[in-house]
Each structure stands twice: as structure tokens, then as C-alpha cells.
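First the structure, then my questions, so here it is.
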Amino acid sequence: MFENILIYFVIIPLVMLAALGLCRNIKQIRAVAVVGSLGLIALSTVVLLQYLDMRSAIDAAIAAGTATEQPAMLFTNTWTWFAPLNIHLAVGVDGISIAMLMLSSIIVFAGSFASWTIKQPKEFFLWLILLSTGVFGFFISVDLFTMFMFYEVALIPMYLLIGVWGSGKKNYSAMKLTLMLMGGSAFLMLGLIGIYYHSAPEGGQLTWNLLEIVDNDAIPHGWQQFLFPMTFVGFGVLGAMFPFHTWSPDGHASAPTAVSMLHAGVLMKLGGYGCFRVAIYTMPQAAHELSWIFLILTGISVVYGAFCACVKTDLKYINAYSSVSHCGLVLFAILMLNETAMTGAIMQMLSHGLMTALFFALIGMIYGRTHTREITEMGGMMQIMPYLSVCYVIAGLASLGLPGLSGFVAEMTIFVGSFQAGMADFLAGHGSLRLVFTLVACCSIVITAVYILRVVGKLLFGPVHDDHHRSLTDATWWERVSTVSLIVCVAAIGCFPNFFSNLIKFTFDPAIFSVLGLK
Amino acid sequence: MDSVGSIILFVIVALSIVVFSILAVTTRKILRAATYLLFTLFATAVVYFMLDYQFLGAVQIAVYAGGIVVLFVFAILLTSHPGHNSEKLASKRRVLGLIASLAMLFIAGGSLLARCGALSVTKPDVATPDMNQIGTAMMGVGEGQYLLPFEAISVLLLACIIGGIVVARKR
Amino acid sequence: MSPVIPVIILALPLFMFIFLGLCGSKMKHPVAGFLGTLGLGVVMVLSYYTAFTYFFSGAPEFISAAGERLQCVMFDQTWLQFTDTLYISLGFFLDPISAMMLVVITTVSFMVHLYSLGYMRDHHGVYEIGFQRFYAFLSLFTFSMLGLVVATNIFQMYIFWELVGVSSYLLIGFYYRKPSAVSASKKAFIVTRFADLGFLIGILILSFYTGTFDFTLLTSAPVEGMSGVYHVDINTAEGILSTFTSHPAPVFMGASVLTWALVLIFMGGMGKSAMMPLHIWLPDAMEGPTPVSALIHAATMVVAGVYLVARLFPLFLMEESALVIVTVVGALTAFYAAVVACTQIDIKRVLAFSTISQIAFMMVALGVARPEHHESLGYMASMFHLFTHAMFKALLFLGAGALIHAIGSNDYTAMHGLRKHMPITHWTFLIGCLAIAGIIPFSGFFSKDEILSACGSYSTLVYIWMSLVAGLTAFYMFRLYYLIFWWKEHEIPAGHHAPHDQPWTMSLPLIILAAISCVAGFIPFGKLVSWNGEPYDFMAHFDWGVASVSLAVAVAAIALATVMYRKENALPAKFKNALPNLWKWAHLRFYWDELYMFITHKIIFNGVCRALAWFDRHIIDGTMDAFAAITHKASDVIKPMQSGQVQMYTWLYVIGALLLGGITILCLM
Amino acid sequence: MDYAQFLAMKQEIALLVVFLIVFLYDLFMPERSRRALPAVSAVLMLIVTAAGFFCDYFGVSAPTEAFAGMYATSPVIATIKNILNIGMVIVLIQSAKWANSEGMVMRRGEFYELILVTLFGMYLMISARHFLVFVIGLECASLPLAAMVAFDKSRYESHEAAIKYILTAVFSSAIFLMGLSFVYGLAGSLYFDNIYMALMGHNTKMLVVALAFVIAGIGFKLSLVPFHLWTADTYQGAPTSVTAYLSVISKGATAFAFLTVLAQAFGLFYSQVWEWMLYALIILTITVGNLFAIRQRNMKRFLAFSSISQAGYIMLGIIAYNALGVAAMMFYILVYIFSNLAAFGVIGAIENATGRVSMDDYNGLYKTNPRLAFTMMLAMFSLAGIPPFAGFFSKFFIFTGALQAASPAMYVLVLIALINTIVSLYYYLLVVKAMFIKDDECVIAPFRSACSERIGMWIAVAGIIFLGLVSPIYDSLIAIAQSSELSSFFLK
Amino acid sequence: MEITALYYLVPSLIMFCCGLYGFLTRRNMIAMLISLELMLNGVDLNFVIFNRFLFPGQMEGMIFTLFGIALAAAETALAIAIIINIFRWVNNIDIRELNQMKF
């Protein structure tokens, strides 16, 4: 079991949990959190490097004629769990999962630093690490059952994290968030079990393994029509798809810093990743036929979230609505069923994960000092806490798509891909829905600029609004570590997008596209 | 073709069952209710006799009429206050009770009527089990023999005795 | 030529930005300023070397044997691959206009760097807060602008297009403590962002049909025998036209798809170049430090739109209607801006409107350029005017900066009669005014004259219209000049120094730019820059008729200005009272800002955003909450079931059992 | 006369032996050693349980019948009895403190005797293949419970609960017997197998009515809506140990017996009649149970409604009507026993220490009694079906079993059930919220719970954590279910 | 005229329904128990009738009735014990006043 490197993504958090149990003071807790998350970063880096090596080795083998094709996933391994139901603990990664794993480990790292001085640290980190166990487990799983299990493992600690360490109307928000997300997973569970029962042709061995399901390609058409919406909505709720996004503003607003970071940065990605990996991967025909419904919904999400963000005055609300908009773009792009757009979607997940985590980290730090998140009650922060303000500007610029930062490359990939898909549809006489919504989604770049600059202008620039704020201090070293690690990643994606794009793109299973006749 | 006598007897018994049942549940005086219950039970025993189940009829009289009703009477005397022995019924409850019991009558009776073909049989002229057979059945383990229930109910009765004592005991 | 120098040209400013951005605050002010200036100086030298090599070395990759100037891709690195054919690369594209722009950008930028060393400190020598940041941003801007002009593909251009937008945002908002600066910077960014939306969609359309972003594949053909070397080829553009027309849906809403694409791309240009109706941000952008206005909002960034159209000129030639739109937009903007400029009080605003007007001139010149009229004289004229305008407008702005620095106010009402106190500023400013007014032999005369003759050969109407605008230009510039430097000087309050000329760091750039404005007109521009690379002998086409008319118009306008504003008199007031509404409308810029405020605030913000936010909180979220409320309500409704009454329990029990049976029976029947 | 047939009833006999030992121990031992009665009974039950697991009950490896088909046992039946035994052990352990408390000493022995007899009744219900045995088992499992509910003599609620319970119980048994008499009238026999054969071809209204009454009668014990109304009052009033016992053991046993009756006596009418009856009942049960649970403040009452809706989920295993469903149901019952007993363990500990049972009393519990709060939280999460706790697995498997049928109606049913899990999550989280998030002036002071209570909770917590993750448990259940005699009914 | 099973079933059913009515309406708990006895008695009668008329060859119904009587006795005894207990507490056996626990 332990020879597979991926399993350590679960083991490390579990070891961290055990170590936390032994901790006696805050220093030890911090040490556990930092060492553990560093370990996760190291692990994901090792996996990345090995992955690239293996891919190129297989490429070479193909060239030499000793191999025929690239496997869809590497590091695959399965261990039987519930044999009668054919449930396995099946792991495997492709470029997308690796990207997500790296994202998660970085955000966990940054989140640990962002919650340096949290009260009740032991419990806090306990839940936080349990949450990340779920996240990592989700990304390495290729078995629908374990995937779903980890998915829910990741959801529930949110309740306590928000409820105990949150602020504002935390009880309401925590409950709403938990219930809505679990509501999504109710649909999801139905969809997944349905997939299981149609995963093999008549008489074949039913399976939960994604790769086998895709290989079998046995889900009858009628069932796809039913199961696709179930799974897509199920994951879509976590992806903040309109109209199931309302947990997001309240939830984020009430959550403590690190939780907002992890939730917006990683958990919401579970939604997008799941939509792609489960809904579309296994049921491409239905995805093709029914995508219009969800295209409309996600297309609305994109602009709707952005418009709503324009009028909010609470920093977290603004960012939460902005997340609705950006995550809407992820789902939107996935539904384009076009390689470029999907690549863009994954990049957008990375990008949004990082920058929104950065945003929430900064908001948390500002809130920790000023004890307000109302932009109307703040102003001129640039004079008071220049470091945080500059980081905020950088995050804002990333969010509004400044070239050189991650948002731009992701959005542009999405727009180019969606436009191609839309025009192809349009010219083939399949209606102009994709095209129209691509253009609508493009408009978000303007609206995003509006709300980002509005915040930056009101919060950071201008005269100091409240003289009490003048005595506040700038970032501490741990806050700097947290933000710098995120900024570096944002810039790395923005400056060297091709590396990430290739990493992601390489692993798309061409089978999907050939089914759809799209490639 | 039944004899007129048996028809008359049946009518009387049936009527008394019906009438005393109704009286038992409508009378205001609780002691009277117990009395009417006794009459009903007697009438039921008569039915058992009519159906040639003498043993059953005897048990009915002995256990039910003799045992249970006496128990009731004791309980009534234990729990009743002088002059407090009549009760008033809320009309709403009565309507609800009537609805439920009429619905029960309608549905259960209807479902029986739906099988009226099979049920329209006269009493077959076969011998009913005598005491000997009953005794064997109670002690046997074969098909149609009831040793297991017999033993089981003994456990149940034991438990009920224990339970009854514990509950009724003052401390 | 090795690609090392181009790489350094791009990398050095970027490095300076990162270096100054990260370490600047730890440095002393002068060190940061000096490092920035030094870096830019090196870039300037390298750019000069590159441009000089391009134009004059005669190397085969730069000029063909027939004397045709070629386009050379110095390097091209894939940056982001979308599909097999569609990819963004970052490269360095050398052709006549990009070489010319290299010179313009680095020159003006260097002047501004130098100038700012003096400008960004007060009279006591104390540096502005954020001085280092200022230099970092200047470097960022220079990097972005250079990247923009040397883009090998339209997406690279878009990338740097965004970057200059952000640099502009940061620099306009440099005085971030001032709410007006903050809102101006926001406005600038959002308006241009809106335009960029059009640009982006245009790119998407174009790239979908053509399958490429590369300029070389859109407008040029490779030169045989050399890799990375191309020449402008109208056949390529025609091929693209036929790609568009042969697609199943060549027409969309009455215009061809190519027109749509080009117009949308031009929309991006309109935003950056402040063409009507997207011009509103530029006047406000004057909230930035004056050197920034000189660099970004006069000389370089705002001409990016012109540059964009010029870059895609062969494609624009394919669609007459697109060029007509360019012409019309340019002509209207030119006139509008000129009229408004006549009424402004803030000297930077006057210059800003003048900039809009002059850029519109360039747009018109491109719009009227046709190969059949003087070998597309307009194209060359536009580029020429871009060049000369950059120099004299930078000069004017820097001069204005010197004035503002001396007086501490932007209003000419606070100035008056400064010619004695500030002779260097006065003379250089005068040269700038003469140049922009088009007085021979200053540079503006030549470039404007070429534009007018290009208009003339295209259409008489445009010619007359643009001549009128040229006259207005001369009028408002000299109005400004007289109001600043003549009139009766103000009393100097006790304890204050009289205004005086600035230190050499500020004066030297003025003098250099003035010198260039004097002589630039004599550069044989047609030999260097033309739409298809073939040298063009301007003098052979020189139309003395046009030249003399324009000169006469300019002189007349100057004379009128002299009469009205030479010294304080009643004429302006009379004029104003004669046409009160016109004056008021012009002064308030024809209420464009109010219109925008109405649309953005009243309609979009209040009407859409607030409505949506309300909808979200109350309808969508309300629905979700309603689920919870309904559940609670349902719980209340069924509460009586659990009444505590055994008889009711059993009643329900019986009814339940009977219903269970009854309904099943009914269903079975 | 072959009295050796009694030897087929190994589990029952083992239980009766335990009963006898307890009885005699209580009768003849001096008062001081009688304090050890809880421990004695728990150890004895533990031995019985262990024997069940490790000795396979001396060979119940194949279906066996006795008394001419009146009684049956088989691996699946033996397993479900074992599962009940486990729960019983925990209940016995947890009840020790209460049983030895001041007011209970007088009735301590009777408590253990009665509880063992009720378990015996449940055994009979499960093993019965004749309705007479079934009825006796049913009564045996309900009547002594009424006495147990009334055990808390010092509390008025206990008596009210008892009278409500016994009146409803007797009433429901009357209805049940009415239905049974109809069945008898149709089939002429009370043997399940004979009924199954005799009813072939019949599909009369009488049968439907009879089935409705039978379902109502058993539904009473399972607390299916609308036959559930006694549940909350009784749970609230009864002593906590009895409530725990009622909510898990009684329910689990009845659920399985229900399946046996439906499959073996009325299996022919699955798709025509009782599938739809159960369909309606499940929806009602889950929904109404949840709706009432939302508004409860008393923890025991709260868990009563929670257990009502849990019963609905258990019924999904019956309506699935396949081996997966049976396995899932057994697993569900097992997990449910552990989760609910963990919750009742905490409630009992707190009640014994402070006498407080309101959810508001739990505010801020985590600050003072973190371990209790944690145990409670695990129980709540497990009941709500949150991974990685066992409840998640049991829910998932029971849905998987239900959906094997693949009929649209089943998908709708499962969807409704799933949506209800959200509601249930809401109220389970309310408890978590009270303990972890809320704060109060009069927080329950820190206290140390009795050793027995701690052992009980530790066992329950271990079960919550490991039952799901350790797959062989479920694997073996499914193997047993697939090989069981019930499987032959599913195929028909 | 012949007296068929159906005729016999009529009084038994009415007895059952009367018991039901009484159980649902009487306030006195003992009266409720009396009604319950009526119901159980009706059921017993049913068994016997079915046995005698339809399946005369065997005696399952009769035996069932026999056991049923025993069960009824046990139930009644226990119920009365509890009722007496209640009476000791509240000095009253009105079922409607036993509603402290509700909702």
C-alpha cells in the first residue's frame, strides 16, 4: 500500500492529525502545521517531476515502438475495499489532478500561516487538516465512491470552522453553507450510484472506477440524460453555480481567514473538478446535449456574480461574489466541451484558487486590524499598511486579468476556446447559444475591473477614513510568508503559462472529444 | 338449512353482542361498562359453543369473564372516586371516533363482502377438535402443533408478572 | 543583427521595474531615480542603435535589394499554446513603424525620466512620497509600451496593451491620496477596459477565421530565402478577405464579418487613443503627475490606437467601410476636441484635448489613406505626425509641467505674464505651439500638411473639415500661450519667490525636445516609413497649394488669437456672451461625462447592479431561505399531530392504516 | 415428540440461560454482590455475543428449521441476532450507573430480567415462521418494555410514557391481529410458507386490508409514520437506558422481522401491494420524523424523532428487496446501534450526573466536557451520514441497495430520502452547534462520568469510527445476505 | 335461510368497531381497556369463525384464539398495573389529562 506515492497525500494529513493530538502548546501546533504543509508541497512537487519524467519516458517508448499510447493516468493503483460492491481505494493522477494537488498544498501552507494566531489552535487545525485530508483524497481518487467520501469529508469541517471561529452571523452562514453543499451532494450521491449501476455493459462487472467507466462507455443514453444533470448540479453547487451560489457570500463572509482561503481556493475547485472529471468525463453525450441548460446558468453566474460584487460594501461579500463569477467561468468553460476552453477552465481553477486565497488572506489580515470589512468605513490603507495594500492591488490586478498574472492566461484560454466552440456551433447551424454566452462572459472582464478598482480605490487609496486606523501596523512575518507564497504562484502561472497549459492539456483523454466529434 | 331455533339463537346472540358492545362503550358509568363487557363476553362464549368449540367457550368464560372482568372491577373500584364515576364525552372526539370506527367498518366489512362468495358457506359438518387433540397439539412439535408458542407464552406471562409486580409495587 | 539587443531592450525596463519595485523603498530617492534614468538611457541607446541599424545598415534582412523595407522577426517565443495553430508568442518584430516607435518611446521616456528627477520634488528639494515607486512604474510603462510596439502577433499586442493600461492606471493614480486622482485612474482604466473588450472580441473573430494571431500571416508574405523576414503583401490580406467571404456566414447584421472584426479591434484603438465617444478618460487622466501625462497621455500610449490601425492597415484596406468608420470617428473627434480645447481653463486639459484632436488627425490620415491616392500618403503622414506630435506634445506637456511646478496650479488664471520669469520655458513652449499650429518650418507643419493633402486627395469635404480643425488648433494653442505668458502678471505674495525657470534636469529635456521639434520636419520620413515598405518620395507629391492654404489658415488663426488674447480685453467675454450656450457646452465638454455618469451610475449601477444584488439577496437567497422557512412552517403545521393525547394518536393510527389499505385498493382498481 | 428440536434454538436458549442466571443471581445473592448485577449480565451477554461470532453458534451455518417450520434460523438470522446482542451489551454496560442508583436498587434485578425477556421476544419475532410465534414474540418484546418504561417511579413522565406506550401497543396489536385474522381467513394457515403458497393467485381487497393492518401493527414497533405517535412521548418519559434500548434494539429487530414477514409470507405481492405501501410509509416516515425533530429541545425526544426518520432509511433496505438491501439493512442497523447508543450514552451520562436533558443545557458543553461533546458529535455525524464515520457507509450502501432496482420510482424515493438527509443534517448540527458554538452562563460543569458509561461510550465510538472503514464487516454481511434463504424469495 | 360465515362475521366486526369507538372516545383509561377487550374479542371471534367455516379440518384459528385470550389477559393485567400507578400519582385516570409530553 505504501509504495504508491499518492497515498501519502492522505497519510501526511493523517499523521498531522495524530501529531496535533500530541501537541501541548501553540508552538508545537504551528510546527506541525508548517512542517506538514511543507511536506505536502514537497510531495506534490515530487509527484509533478516524476509525472513529467514518466510521461516523457512513455513518449520515448512510443517513439521506439515499445509502447502504444499514453495511459490516461499515472501512478494508478487500486486496493480493494468493499469487494462485493466493487469499491476500491483507487488512485491515479493526470496533469489536472497534479495541478490541483499543488494548488491545494500551497493553499494549505499559506492558510497555516494565515491562521498563525488563531484562538483554540488545536481544534482549528484539527478541522482544517481534516478538511485538507478530504481535499487531497478527492483529487487523488479515481474511484467514485472514495471520491465522494473524501468530498464529504472535506465539506463537514466547514461547519465547525465557520461556526466556532467565524464572525458576523456565523451560525446562519455555517448552517446555510453546510446544508446547501450537502444538498448538492444529495443529488450527487444519487447520480454516482446511478452511474455505478450503468457503468458496465449488460452482464459486465459494475465498477466505480472512473477510468473503467470511461473505457466501458456503457451508460445508456437515456440514463445519461438523467444522471448528468444530477452529478453536474451536485458538483455545481460547490462550484457556486447560479442559482445555487447563495451559500458562498454568507459563508465566506463569516468564515475565518484560513477557512475562506481553503474554501474558495480549494473546496470550490472540487466542484469544478468533479463536474469535469465525473459528469463530463463519464457522460460526454449527455454533456453535449444538455450543456445548453448549464451554459445558460453558468453564463449567468459569470456576469451576475460580477454585477452583484459591484454594489457590495463588505470586502468578503465582494470577493465571494467575485468567486461566483470566476467559478462560473470555470464551469462555463468546461461545458464548452472544447479542449482549449477546458484547459482554460482548469487554469482558471488554479488561478482563481490562488488569487482568491490571496484575497481572503489579505481581507482577513485587514479585518484583524481594523475589525471591519466595510469599505465605507475604511480608506487610505495604502498609507497605513503599504505591504498589505500592495498585495491587495496585486491580487486585484490578477483578478481583473492583468497579463503576467494568472488570471489573464486562464481567462484568455477560456475565451479563445469558448469562442472557437461557439463559432463552430454557430457556423454548423447548432444555434448561437455558446457564441452569445461567450460574448456575455467576455463582458465580465469589464465588470470585474469595475468592482476591483472600486474596492482598491475606496479601501487602499484616498485619504485615511478613520484616524484610529493610523496606529495600525503592517504585516507580520508570518503574514508575509502567507501572501508571498501565493503571489509567487500567481505570478509563476501568469509568466509561464505554457508549462501549466501543457501539463493540463496533455492529459485530456482524446476519447471524449472523439465521442463528441469535436476534436 | 339451519333450524329455526338455531337461527333465533344466533339472532339473539348476535344482537346481544352488538347491543352490549355498543352499551359498553357508550355508557357513562364505568362499572356498567364492565358489566356490559361481561355480557358481551358471555355472548361471545355462546357463539363459541354454537360453533362447537366447547373448550374455547369454557376458556372464554373462565379467563375472560371470570378473570379479566374481575380484574377490571377491582381496578375500577380502586381508582374511582365516589360520585365521580361518570364521564362526559366531548362531541368532537365522538365524531372523530365515529368516523374512524365507521371507516373501519366500511373498509373491513367491504373487504369481507368483496369475498362474499367464499364466505357464504354454511357451517361444515365436521367434528371439532376435542380436548385430547387440543392437548396433543399444545404439546407437539409437528405440523399444526404448538409447543413452541406454548413455551414462549409462558416466558411472556412470566415477564408480565414480573413487570406487573414491579410497576404496581409502591416503591 | 543578433536578438540579444532586442531582448535587452525589453528586459532591462522590466528588470528595473521589479528591482525598483522590490528594493526601491530601501534606497535613497536620488539613487532610485538615477538608476531608473540610467537604465532607460541604456535602453534608449540600444533602441537608437536598433532603429539606426534597421533603417540605415542596409542589411538584407531589413531592406530588400529593390529598396523595399522588410519586416524582421528578431525572435519569437511561444508563450501560451491554445491549439495547434493558435498560440500566443512573445517576440520582437522590427519593421519601419516599430523601429520608429522605439525611437519615439525611448526618447520621450528618457526625457521624462530626466525631467522627473527635477519635477518630482518640491522647491525645497524634498522628494515626493513614492518617488521610487514612480520610477518603477515609469519603467513598467516603458517596458509595456516597447512590448506593444514590437509585438509579433496581435495577442502579444493585446497583452502589452493591457499592461500599458495598468501602468497608466498606476501612474494616473500616483497621488493616491487625492480622491480625484483615484477616480480618474479608475475611470481611465475602466473606459479603456471597455474598449479592450471590443478589441478582444475582434481578435477572437479574426483569429477564428484566419486561424492565427501573427501579423506576418495576416498582412505579410515571407521573403524567400530568409527565415523570419517578411514583406508587406496585399495578397495575403486579400487571401484573408476571401477566407472571410468564403465562410458560410460572411455577413452579420448588415456588415461583413471582417468589418466587424476590424471595427471591434479599432474600438480597442479608440479607447486607448481617446477617440469619441471613448475619449472621456483622457482629460481626467491629467490628474497624474505632469511628466506622466507627457509620456503616456500625449506621446506614446495614446497613439497606440493609431499604431494598431497602422499595424493592420493592409487588412483595413480590404474593407472600405472600416476605413470610413476610422475617418469619420477621427474627423468628428478632431473637431470636437478642438472646440472644447478653446474653452478650457486648466492648461493640462487644453493640452489633453489638443492631444485628442491631434491623434484624431492621425486617425483621419489612416482612414483616408488608399494605395491609389499618392501610394497611401495618409499612412505615412499619420506616422509622421505621430512622430512629430510625440515630440512637440511632450515638449508642451513638460513645459506645462514646469509652469505648474513653478506656480503650483493648473489654471492659466493663476499664471499670466510668465515670459519674463521663465524664459526657457517660454521659448520652448512657443516652439511647441508653433509646431502644433503648423507654422513652417517647425515639424508640425510638415506632418500636418501631409495629412491635409492626403485628405484632399481623398475627399474635399474631409480636407476642408480638417483644415478648419487645423485652424482651431492654432487658435487654441495660441490662446493658451498668450494667457500663460502674456497678460498682466499677478502680484507676488510677500514671502514668496517669483516664479523662475527650473533646474537643468527639467530644462534640458525641454531644450532637446524643442530642438527636435524644430528640425524633425525635415526628416525624409517617406523614405523610411510607408505602408508597404517601399520608399516614398514625399517631395514628389508635395502640394504647395495645400501647404499654403494650411499655412494661411494657421496664421489667420494665430492672428485671431493674438487679437483676442494678446492682452486682457473684452473680446473673449463678448464672444462668450454672443454664444453663451455654445461656450458653456464646450466648456463642459458637451456633457459627455454627465452622459456617462448617467449611464454607468444611474442605469448600470443603480438599475442593474443594485437590482441584481437585491434580486440575489431577496429572490435567490430568499428562495433558499424559504426552503428552510417552509420546512419550519411545515413542522409547525403538523405539530398538532403530536398532541400528547393517546386517543388522537390512535385515531391517526387507525386512519393511517385504513388509508393505507383504502388507497392501495383504489390504486389497484 | 422430539423435544430435541429445542436445540435448534441455540441463541434463544443461550439467552434464556443468561436470563435464568440473572434471575437466580438477583434472587439469591446478598445485596452487596447484587451491585455487580449489571456487570454480570453484561459479561454474560458478552459471552453469548462472542460465542455467536467465534463459535458460529455451534454451527448455524445453514438454514435450519424446527417445530415443523414454525421456527427457523440461518446465518443471516444468527447474524442479526448477534448484532442485537452487541447492542444489548452496550446497553447493559451503559445502564449500570443508573441501575445502581438510589431509586433503582429495588428494581435492578427486574430491569435486567425484563430486558432479557424482551430480547428473547425479538429473537422469536425474527425467527418466527408462524404468526402465532410471531405475535407472541411481538408481545414479548413490547409488554415487558411497558413495565420498563414505567421504571422511573420518581418521575411522572415515566408513568405517562408507560401508559401511552402500553395503550398504543395493545391497540396496535388488536389491529395487527385483525389483519392477521383476515390473512388466516384467506390462507387458512398461519405458517409463513403456507400463507405464501395459499395466497398465490389471490389478490383481493381483503388481502390488501389485511396487509395494511399487518404493516400498521409492525409499523407501530418500528415507529413508522403515522403509527409512530407514541414514540416521542415514550422515549422522553422512559428512563434513558430504556429509551436507548427501545430506539435501537427494538427497532433493529423489528425491522428485520418485518422484512421476514413481508418476504416470506407476502413475497408474492411485493410489486403489486406492499412495495407501494412501504413507498408511501417511507416517505412519510422520513419526512415527518425530520420535521418534528427540527423543533425538539429535549434530547431524548429529539432522538426519538431522529430514530423515526432513521427507521425510514432502514425501510429502504426492505423496499429494495434484494440481497444488497438486506446486507445494507443489517449493516445500517449495526451502525445505527452504535451511533445511537453513543448519543444515548452521552445523554445518560449527563442526565445521571446533572439531571439535565435539554438541548439548551448542552450549550458550551465542549468547553467543560470536551470528550462527551466529542462523542456526541461523532454520534451526530454518524447519524447524519457524514464520512468517514460509519453512518456514511451505511447510508450509502442502503441507497445503493435501493437503487439496484433501477426503477424511476425508486430513484424518486431515494432522492426524497436524500433530500431529507439535509434536513436531518440540520438538526444534528443543531446539537453540534449547541455543544461547540453556543455559549451559556449555566454550562454543565465538568464532571467525570462513571466507568461503565465511559466503557459504553468508548465501544460505541470505536464502532462509529471503524465499522465503516473496516470493510470486512460489510463484506461478510453481504456474503451472508447473498447466501441467505431470503435471497430465494427475491428471485420469485 | 342459512347462517353463513358472513353472518357470523357481522357481530364480530361490529364488536371490533365498537371497541375502536370506545377506545378513541372514552376518557377513563379503564374504559379504554374495556374497549380494547372488545376489539381483541372481535378478533378472536374472527379467527374462530374463519376456522370453523372455511378451514374446518384444522384448529389453527382456535388455538390462536386460545393464545389470544391469554395475551389479552396479560396485556390487561400489565395495563391495569400501570393505570393504578398513574392513579397514585395524579389521583385521576382521565386519559386526556395525560398530556404533559407533547409536540
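The chains carry the letters A, B, C, D and E, assigned in the order they are written, with residues numbered from 1 in each.
Note that a residue touches a chain if its C-beta (ideal position, glycine included) is under 8 Å from a C-beta of that chain, and two chains touch if they have at least 3 such contacts.
Please read all numbers here as calculations on a predicted model, not as lab measurements.
Trainee: Provide the labels of all chains in contact with chain C and in contact with chain D.
Mentor: Where chain C and chain D share a partner, that partner set is A, B, E.
Trainee: Which chains sit in contact with both members of the pair chain A and chain E?
Mentor: Under the touch definition, chain A and chain E have C, D as mutual neighbours.
Trainee: What's the farthest chain from chain E if centres are computed as the mean of the Cα atoms?
Mentor: C
Trainee: Looking only at C-beta pairs in contact, point me to the busier pair out of C-E and D-E.
Mentor: Spelling it out, more C-beta pairs touch across D-E than across the other pair.
Trainee: Which chain wins if you rank chains by how close their C-alpha centre is to the centre of all protein C-alpha atoms?
Mentor: A
Trainee: Would you kindly say which chain has the C-alpha centre located farthest from the C-alpha centre of chain B?
Mentor: Relative to chain B, the chain whose C-alpha centre sits farthest away is C.
Trainee: What whole-Å value do you get for the distance between chain A and chain C if each is reduced to the mean of its CA atoms?
Mentor: 37
Trainee: Taking the mean of the CA coordinates per chain, how far is chain B from chain C in Å?
Mentor: 102
Trainee: From the mean C-alpha coordinate of chain A to that of chain B, what's the distance rounded to whole Å?
Mentor: The answer is 70 Å.
Trainee: Just give me the whole-number Å value for how far the CA centre of chain B lies from that of chain D.
Mentor: The separation of the two C-alpha centroids amounts to 32 Å.
Trainee: Got the chain E residues that touch at least 2 other chains?
Mentor: Within chain E, the residues that touch at least two other chains are 16, 19-20, 23-25, 32-33, 54, 58, 60, 63, 67, 71, 74-75, 78, 81-83, 85, 95, 98, 100-103.
Trainee: By residue number and range, which residues of chain D touch two or more other chains?
Mentor: 132, 136, 139, 143, 146-147, 150, 153, 162-164, 167, 171, 178, 182, 185, 205, 208-209, 232-233, 295, 426 - these are the residues of chain D that touch more than one other chain.
Trainee: Two-or-more-chain contact residues of chain C, please, as numbers and ranges.
Mentor: 628, 639, 642, 644, 646-648, 650-651, 654-655, 658, 661, 665
Trainee: Which pairs of chains touch one another in this structure?
Mentor: A-C, A-D, B-C, B-D, B-E, C-D, C-E, D-E
Trainee: Across the complex, what residues on chain E touch chain D?
Mentor: Contact set of chain E toward chain D: 16, 19, 23, 29, 32-33, 36, 39-40, 42-43, 46-47, 50-51, 54-55, 58, 60-61, 63-64, 67-68, 71, 74-75, 78-79, 81-83, 85-86, 89-90, 95, 98, 100-103.
Trainee: For the complex, which residues does chain D have touching chain C?
Mentor: 163-164, 167-168, 171-172, 175, 203, 205, 208-209, 211-213, 215-216, 220, 225-227, 229-230, 232-233, 272-273, 276-277, 280-281, 288, 291-292, 294-295, 423, 426
Trainee: Can you check the complex and tell me which residues of chain D touch chain B?
Mentor: Interface residues on the chain D side: 1-3, 5, 16, 66-71, 106-107, 110, 113-114, 117-118, 120-121, 124, 130, 132-133, 136-137, 139-140, 143-144, 146-148, 150-151, 153, 162, 178, 182, 185-186, 204-206, 208-210.
Trainee: Quick check: in the complex, which residue numbers of chain E touch chain B?
Mentor: My answer: residues 1-22, 24-28, 30-31, 33-35, 37-38, 41, 44-45, 48-49, 52-54, 56-60, 62-63, 65-67, 69-78, 80-85, 87-88, 93-94.
Trainee: Quick check on the complex: what are the chain B residues that touch chain E?
Mentor: 1-2, 6-7, 10, 13-14, 17-18, 21-22, 24-26, 30, 33-34, 37, 40-41, 44, 47-48, 51-53, 56, 59-60, 63-64, 67-68, 71-72, 75-76, 78-79, 87-89, 93-94, 96-98, 100-102, 104-105, 108-109, 112-113, 116, 118-124, 126, 128-129, 133-134, 137-138, 144, 146, 149, 153, 156-157, 160, 163-164, 167-168, 170
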